[in-house]
């Protein structure tokens, strides 16, 4: 089957990715990140960033409104739970679809402009969605509190199939397997793997080549007989569907959809994830997403008590000094570390974390080859 | 009628702040070609110059009064600002006028911050993609605001206007309205006039000085000006300083209207980008025009009569205008072709 | 529920399939699964999860909550001067931890966002083994985290949350609130406003356009209209509007003589500062002095509004100038440790930590259903609010409500509010059915 | 048979009349040069061929179909390829990819989501692309990034991108502008070879050396109108041309 015809490097990358993802709970445990919620977030925001990179990394269109599709996906999924069934499959399908439809509408208008004008258009649409979801659209979104499940929800499909959740609030389950905890993570991980596979295909396909041509020289592309608009729009819709899927998965693992998921800062976050990991690379955005979520959840949790213990080997004077210096960067200061990280990465590693890895591996290779060959400058089209 | 008139005033006042921030932002776009996500942080820093200035002025002499106790059982501390201890009433007056006086401190401070930022960071990003510029300046904005938070905390810090500017001015009478119908806070009028004069000074500076001429030429065609043997980079450094100063002053004078907190820069960031884009990237007059226009339309959209027809319109008006303007006029109100389109 | 059994089985299968069975991390072995409830403490310690805003607009309030929690843990473990443990009517806690276990704690940042708050609560439950979650500084977050705790099978002791929904429409069996709500604020403010401003008044509301704002607006409308006031208009303002001038100028000539600011946090600081700037505090309308009301006061935020709060009425859950033994003990112990008086956020979170600890001690277990039963209908005193009851029907504390007003001549920067009246509990009590919602059964989760 | 015919075309920019009643016929299989002084309207005319500009009045017909109001990519799909004054290539992509893109465009049309195949699986086009690069002498650089090429090689690449589409008409806008003499001669040779394949070309050019080495026919444009259209040897001696274009100087 042609579908599996991938280059050796891509197969290695994909297999490595699958192993790493499935073994995530074990690999990440020593880093304090091996618990279900964070693992789920890694997978979900990995999907979000992967999709964003199809748009930004390939076509160069910098959208500041992708959080709107994530939010739309979440609301769709929760509504699907409420109205139809607690089974995650219909919710996932519908949220992906709604993400795509939303993206088609917003993309159709926004793609009439390029550069920063495009960015501001997408930002404007996302902010309008957020502001309305927070206030006027409360009947649909439940505003500030966020859309939640209730015992009294109709769930017509579940009822038709004779499923009764009794007095407890239901949670999503995949034919009996509850979508919280580790099963929830593996459910997301499977989607992450599928999404990654699709992305490899897109990157290596003629379609992907056309998208990269859009970024490189849209004018030339048009004079080459290619209508770039539908390519741009397809990339926008695909990335919107990734975002909708990610939003749906957020709701599957945790059935609550809040408006702040649509805020511009959330859109900005996925931009940062992508650039931090390495825009235009296959795997970079997943790493960027992981890095930011790790900071948000782990660094913010270090409080003075933990620091005191960590520095307990020091004499008392030094201990409190070390704690007060460190506490600027962790706990309530985790934002500071994040900001500094952005700056350092972009100053010293313009290609994001992936460039860092590449440099390190090139260095190792050079060491091993006795510094003899100059072939370390890798071919850009085969970069991971 | 007077309601509409008041809303226009509100819009002009708001617009003044928008225009000042957008002016610096678009100046940086136009000259350096840099997307500065730290511009909101400069606005915030300006406001905190006022806070810091006042805190320095109100450094207190602490005397312990052992006869009285606090509610938690420690001796009561009697605090009196040194300026009052040393200068008496004069000191108290200086304290009261701390916001306007802080301008004196803000001018060198903001210029210095601008120069350091440009030389220390921004200059390495002239040729880098916009995405990199966004990431690095956004990172800087976070770092700056977290530093401010660790010094001043997260709560807003009140910066009252001088007593004399706290009142209202009933100038509607002069325009033929009934007395008491069109009254407006003095400080807000001062702010509006202040923003107008800063805009005028910036424009005059760019229009009538050699320096300004070179900068404008550089905005139009950087390479050619560079070929003439003019050291455009050094001038652009100064431009960055000026942009920082304008944003800082806008923030500083706004403090009696909006009690500053560490996060206020981010709140203005998105808005100022919308203003710049609606005005047209790299267009100074566009930024000013869009600033006032958005301010006024935002005020109108908040009127009960309008909200009754379009519920929630005041939540989205700014973005709605941005969408409409960009669809009708691809490069904003006064933008030039080819700027920031790739 | 057999959630964790499935987890474990799938995981084992997964790891076997991957051929990675070497060093099994602690997560697979440490969690015993024979016991009956989530995160049952096995060792010599029990872990509390403090979920407070550390970044964003409420970071200072969150920091104050955290201070109070640390103090509470210290007192429960027998450290310090014991604070309100000495005045608390229940004497079960002996200063040796709870049920013989020492209390330790973990912290997380809610960022005042539902998603982030749930993520950090989940981390504390899933990774750190927290037996309960407490804290927060907004109703949206409280309701979101409360729902999460219900699902996970741990107790949630709400922090600062003032919406009716927390113990109304969105109440949950595993959730408990010590703080008061908009309904009580309305009931307490109504008579005081009538006394201060008379019955013939017209109010103009500016309301933060989200759930809490609407809840507040509804309650104040209800109770002011009961005392004969009219409502000129109720205008919704976007959250974080910054400059409110476009909403304030229409008030000037509206004929209204009272402005009600249903805002909290920065919105309150800004709208109040600007309303005063527009001369509303000194204005005369219909021959009466114009009045501004801020239904929910927070002393921390009032400091941000500076002298603009002078003479402005509002309500608060607690204030450090109260002179009962409990408040005095708390202010003393907090003030000596940190050098300044505690905020109402600090007070309510300290109380919640103590109340939870006491309930566990009385129940002799940490199992949510057991602890909940001990809290339901629990009557206590000595925690600064006078006689208080945790009502069984909705897990809401009922106690006296403080009506305060901005102090004219503050003696320090913390001394910005003065207590005008202590509205007795009987006057603010309402039937649980009024606010709807369904507690549902307790969820003990699984081990 | 004329493949491209322009009849009575007028184009105004504000007060400026850029094209004034232009008539032009390009014969299939010939190289047709358009010369004229700066501002004569050469580029405006070319832009009318490719859909970038729309004439105010008049008709432009290609292969019997009107080109008016048709978008650039549609015109290309009809068989018109264009070379720009400064080479327009995909600077971030490799040479191979640069040539593959027009090949895909030719095969798959203006838009096709071809996302499941890998580019590497398209062996036919890959071979064709490599042949084309070899033909223009840049095959050994096939895996290099195009943006790093010398100007001459960029021009070769751009020609390869056009030629791989087997265009019915190739438009060249000052193909040797800014080139060193040696590069210019190379380019002339290259274009001669292309012409030998029977590709119809329209060349806009300043360099008379280029024009007279290549063109089968020359049209002289001045102030928006075609003042002369003739064979190269006749143009050389034409006084009108010398006046309008060369200011009287002899060639």
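Going in written order, the chains are labelled A, B, C and D, and every chain counts its residues from 1.
By definition in this document, a contact is a pair of C-beta atoms (placed from the backbone, for glycine too) under 8 Å apart; a residue touches a chain by one contact, two chains touch by 3 or more.
Every value quoted in this text rests on a predicted model; they were computed, and no experiment measured them.
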item: Any chain in contact with subunit A as well as subunit D; value: none
item: Taking each chain's C-alpha mean as its centre, the one farthest from subunit D; value: C
item: CA centroid of subunit B to CA centroid of subunit D, Å; value: 52
item: Centre distance in Å when subunit A and subunit B are each reduced to the mean of their C-alpha atoms; value: 34
item: CA centroid of subunit C to CA centroid of subunit D, Å; value: 73
item: Multi-chain contact sites of subunit A, meaning residues that touch two or more partners; value: 131, 134-136, 335
item: Residues of subunit B whose C-beta touches two or more other chains; value: 312, 315
item: Chain contact graph, described as a line, ring, star, complete graph or other shape; value: other
item: Which chain pairs touch, all of them; value: A-B, A-C, A-D, B-C
item: Subunit B contact footprint on subunit C (complex, rising order); value: 56-60, 63, 209, 233, 235-238, 240, 242-243, 245-247, 249-250, 252-253, 266, 269-270, 273-274, 277-279, 300-301, 303-308, 320-321, 328, 331-336, 339, 341
item: Residue ranges of subunit A touching subunit C (in the complex, touch as defined); value: 19, 22-23, 25-26, 29-30, 32, 34-38, 41, 131, 134-136, 138, 142-146, 148, 151, 167-169, 171, 177-178, 180-183, 186, 250, 254, 256, 258, 260-261, 296-298, 300-301, 303, 305, 331-332, 334-335
item: Sites on subunit A touched by subunit B in the complex; value: 56, 62, 109, 112-117, 120-121, 123-125, 127-128, 131-132, 134-136, 264-265, 268, 271-272, 275-276, 279, 328, 333, 335-336, 338-343, 345-347, 350
item: Complex contact set, residues of subunit B against subunit C; value: 2-3, 6-7, 9-11, 13-14, 17, 70-74, 149, 153-158, 160-161, 166-168, 181, 183, 185, 187-188, 256-259, 261, 263-264, 267, 298-299, 302-304, 307, 312, 314-315
item: Contact set on subunit C toward subunit A in their complex; value: 3-4, 6-7, 10-11, 14-15, 18, 20, 25-27, 54-55, 59, 62-63, 66, 105-109, 113-116, 118-120, 122-124, 126-128, 138-140, 143-144, 147-148, 150-151, 165, 170, 209-212, 236, 238-239, 438, 440-441, 443
